[in-house]
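To keep things clear, I will list the structure first and then write my remarks on it.
Read from first to last, the chains carry the letters A, B and C; within each, the first residue is number 1.
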Amino acid sequence: MNILELKNVTKSYGNVHALKDFDLSVAPGEWVSIMGPSGSGKSTMLNIIGCMDKPTSGSVSIDGIEVTARSNKELTEVRREKIGLVFQQFHLIPHLTALENVMVAQYYHSLTDEQEALKALERVGLAHRANHLPSQLSGGEQQRVCIARALINYPALILADEPTGNLDEDNEKLVIELFQELHREGHTIVMVTHDNEVGELAQRRVRLEHGRLTQIA
Amino acid sequence: MFWRMLKKSFSKGLKGKLLAVVTIAFGASLASSMLNISLDIGDKVNRELKTYGANILVEPRVETVPVNIGGIEYNPLQGQSFLEDASLSSLKTIFWANNILSFTPYLEQPAVTGKQDTVLVGTWFNKEITTPAGEKVVTGAVSLKAWWKVNGQWADDSSENQAMVGTELAQKAGIKQGDNLKVLVNTPSGGKEQVLKVTGVFDSGSGDDRKVFVPLALIQKLQGTSGKVSKVEVSALTTPENELARRAAKDLQSLTSEEYERWYCTAYVGAITYQIEEILPGVRANAIRQVAESEGLILGKIQLLMLLLTAAALLSAALGISSLMTTKVLERSKEIGLLKALGAEGWQVIALFVAESVISGILGGVLGYLMGLGFAQVIGQAVFGSGLSIKIMVLPIVLTLSVGVALLGSLSAIRMLVNLRPAEVLHGR
Amino acid sequence: MTKQAMYLRMVTAALKNRKSRVAIALLALVLGIGVISGLLSVYNDITLKMSKELRSYGANLVLVPAQQQEGSTLELAKLNQVLEQVPQEKTIGYSPYLYGIVTGNKQRFVAVGVDFSGIQKVSPYWSLDGAWPSDNNQIVVGSALAEQLELNVGQKLSITAEETGKTESLQVVGMVSTGSTEDYQVFLELEKAQGLLDKEGQIHTAYLSVMGNSAELITLAETISQAEPGIKANPIQQIARSEGVILEKIRTLVYLVVIVILASTLLCVSTTMMAMVMERRREIGLRKALGATNRAIAGEFLGESALLGMTGGVLGSLVGWGIAQVIGLSVFKAYITFRPSVLIAVIILSVLVAWVAVIMPVRTAANIEPALVLKGE
């Protein structure tokens, strides 16, 4: 069963089509890169995959669950259970520590478990920064905390939006290495990026232009 | 360009501004209603205190000493000096005529009813008189004796035989409303019997409860003292005593001419009694201290209380507005950073935001003043049963406060933001 | 840690780490609540304190013999018995009165036997020029009478009682003016008057100044009249009735002002809260992206405002206590008592204000779409 199945997905805003007749399947363990210039509809597609938005027409299913017909509340549930989000702007809650930021994801999911959260931070190499506030962490460290947070609930799919977009070269390397590890461990990753080098690292590359899909390798 | 940016910030950014203006308006309305009430309350409470009764007594200057125990006069010679009732209307011509709220003349006549000794008191109940200036004024016991509880009706001044009987006398002699009461009086022209129609029985909680109140004209006819009264009670709005009033009371001559002007033109009870003595020949006008003193005391306390309440309310409003303005400015930190990044000088940014604050302050201030007037009227009606008079001077005060507070609130935030580097502000700290 | 612990952690951290913004909201809340708290403290005391002030108007209760005939008297001893009936803390003062017609300096006037210390408390509006008598042989003369008799302070006055023919020579130590009948009377120590008028142990009336509204006075008067059959107590309604009216007006005024201040505070805190929520748009969007429901978000904001409200309530009470003392001391020259009930009421009020203030912002938060907020700048 595919982790992600998009069929004939169209998203329109009035006469503007952000996505037109989009098809995408992602199998378990795959690392797919979605590439394209700005305005190509990448963000729209990301929001739909991330269950933060619904298509105007077409079907979306996550880990076998059809989501297009569901209410916003149910969408939130699916997102909670199945998807780990990593943003370009590494959104962390500024008044909570790194550890607490990871625990927030647990909080809305099921139970908070400090030990597990600490382990997640260890996984990304930041156990020693557990009690620091985001303002005290570098860009790369903040992004890694986000990745730890994305992993904490054992999601079926990791969705990353330009994860290295705001990082310098060194931190970019660190984060990319982390994703490679995750891929080797068998996580399913869908990553949106405009950086060709980063895109090439994925198993499969998909290109978006003016809302339409064109496939590359 | 400055004006264009300013205009745009109000036309396009109106929603955000609206909240600020409304909040300022609310704070300003609080301030304006409190100020209005504060300034008017003295007058309002003063009128309330009038329910305590007359605070001035006017009597003819007498040679003989009254021998009065419990309201009964034991000196037959005492009642022989009189005032003219026609001259009473000139009470409304003194400098402080507008402060004379009501006045009532009295003329007494001992009488016997059944087996009870009593006194017939001739007075005005609700009489309309014309002042020398041609104004029509209604005055009498109805307004002066506000604390009387009347079972039945007040007597009519124009009637020849209506009477109101005090509750103690009524109980002792078995008199009820509607009864025909026979009284025997000893007049200079011999004993006379008079039949009175009892329109009502009153409870005054005082010595008057043993007396019978009748229209003044009736007593004057019985005694043959037409046009005469033996004393007058006056109820006047007064200003509480202070150092100047006390010095004038002790020795009027000790005042400088400037102080005399000031004293004469302030509604001290002493100034009013002095003016009454000026206008009515041969009288002695005195403040009934029991009422006059206490009024001043109570009034003073209430005004002080209101002043403190107003100060507290103003402080609270000022802080609220100022905190809001700070928030509003901090909200727009990106905008400020952007302007600076585009090359604006610090003072230019400050000028723009200051202008916005000032305009918001003025709009809010005017709106708030109007709202405040509304609140003040509501409070005035609810507490005193009458609207408050509008004090114009409140408007400039409230406007100044609104603009001032809005400025203060936003200024500190603006300065802080302007001193930051644009990059910090644009990308969030 | 448990979910509840995490909840508390998030709620407190939200307030602690955003000090400046929270401080502003807190300040507005503290001041508004503080003023209201102060006024509430004063409100409770106002009736009591103002009522005491209104006693400056003088006697509001008069005791007379039940058989009201000319010249009938009461026994002083009985009066003192009756006065045991009146609660101490409510009695401002009292004085017995004994009247007699006398002659002096070729004039005929009234002499009154009183208790001078009592008179000062019952009738504080008497204006005295000179001094109050310190012994039986000293008297106070009404100012108008003094003028007629051409008397000055320090001079001696010889008075003869008409009924008994007894004479006393007494020293004038003070002149009193009230603008009423007292201005034509002479006042002596009660015992002296009783001797002069051959009325040992007797009085004509007694005037009392007690605290209480019109209804309480009527009840008290009845109690006294029943306890002692020879005595009738009458409230002096001119004073008592008006007092009630004035007090009610003052209370209504304070009450209305409190409401206006409350509304103003509510609005100010509300707008600050709204701004706070708007500022945290991204955080809210993030939480929603992480799976928070609107209920969960609402719950967190309610928790934060409850905390803010409680802090505001406690601090506000302190400020309010200060304000109450300022009002109490300057207006009534007395301390306002601290009431635990006001403290609790104020804290609850403060939390309620914070909650009401946060309703609109929470609604706005519910409409935040994570996608829109997280997308970009």
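Assorted remarks:
The definition used in the following text is that a contact is a pair of C-beta atoms (placed from the backbone, for glycine too) under 8 Å apart; a residue touches a chain by one contact, two chains touch by 3 or more.
Keep in mind that what you see is a predicted model, and the values were worked out from it rather than measured.
Chains that count as touching both chain A and chain B, per the definition above, are C. When every chain is reduced to the mean of its C-alpha atoms, the one closest to the centre of the whole protein set is C. Mean C-alpha position of chain A lies 74 Å from that of chain B. Inter-chain spacing, taken between the CA centroids of chain B and chain C, is 21 Å.
Chain C has its Cα centroid 68 Å from the Cα centroid of chain A.
Multi-chain contact residues, meaning those touching two or more other chains, do not occur anywhere in chain B. Within the complex formed with chain A, the residues of chain C that make contact are 1-3, 5-7, 9-10, 13-14, 16-18, 282-283, 285-293, 296, 369-371, 374-376. Interface residues of chain B, counted against chain C in their complex, comprise 19-20, 22-23, 26-27, 29-30, 33-34, 37, 41, 45, 48-49, 51-53, 56-57, 65-70, 74-75, 146-147, 149, 168, 203-206, 284, 286-294, 297-298, 301-302, 304-306, 308-309, 312-313, 315-317, 319-321, 323-324, 326-328, 330-331, 375, 378-379, 382-384.
Chain contact summary for the complex, chain A toward chain C: residues 43, 47, 50, 52-53, 73, 76-77, 79-80, 85, 87, 89, 91, 93-96, 100, 103-105, 107-109, 111-112, 114, 133, 149. By the touch rule above, chain C contacts chain B in their complex via residues 21, 24-25, 27-28, 31-32, 34-35, 38-39, 50, 53-54, 56-58, 68, 99, 101, 107-110, 123-127, 144-145, 148, 177-181, 183-184, 204-205, 234-242, 245-246, 249-250, 252-254, 256-257, 260-261, 263-265, 267-269, 271-272, 274-276, 278-279, 323, 326-327, 330-332.
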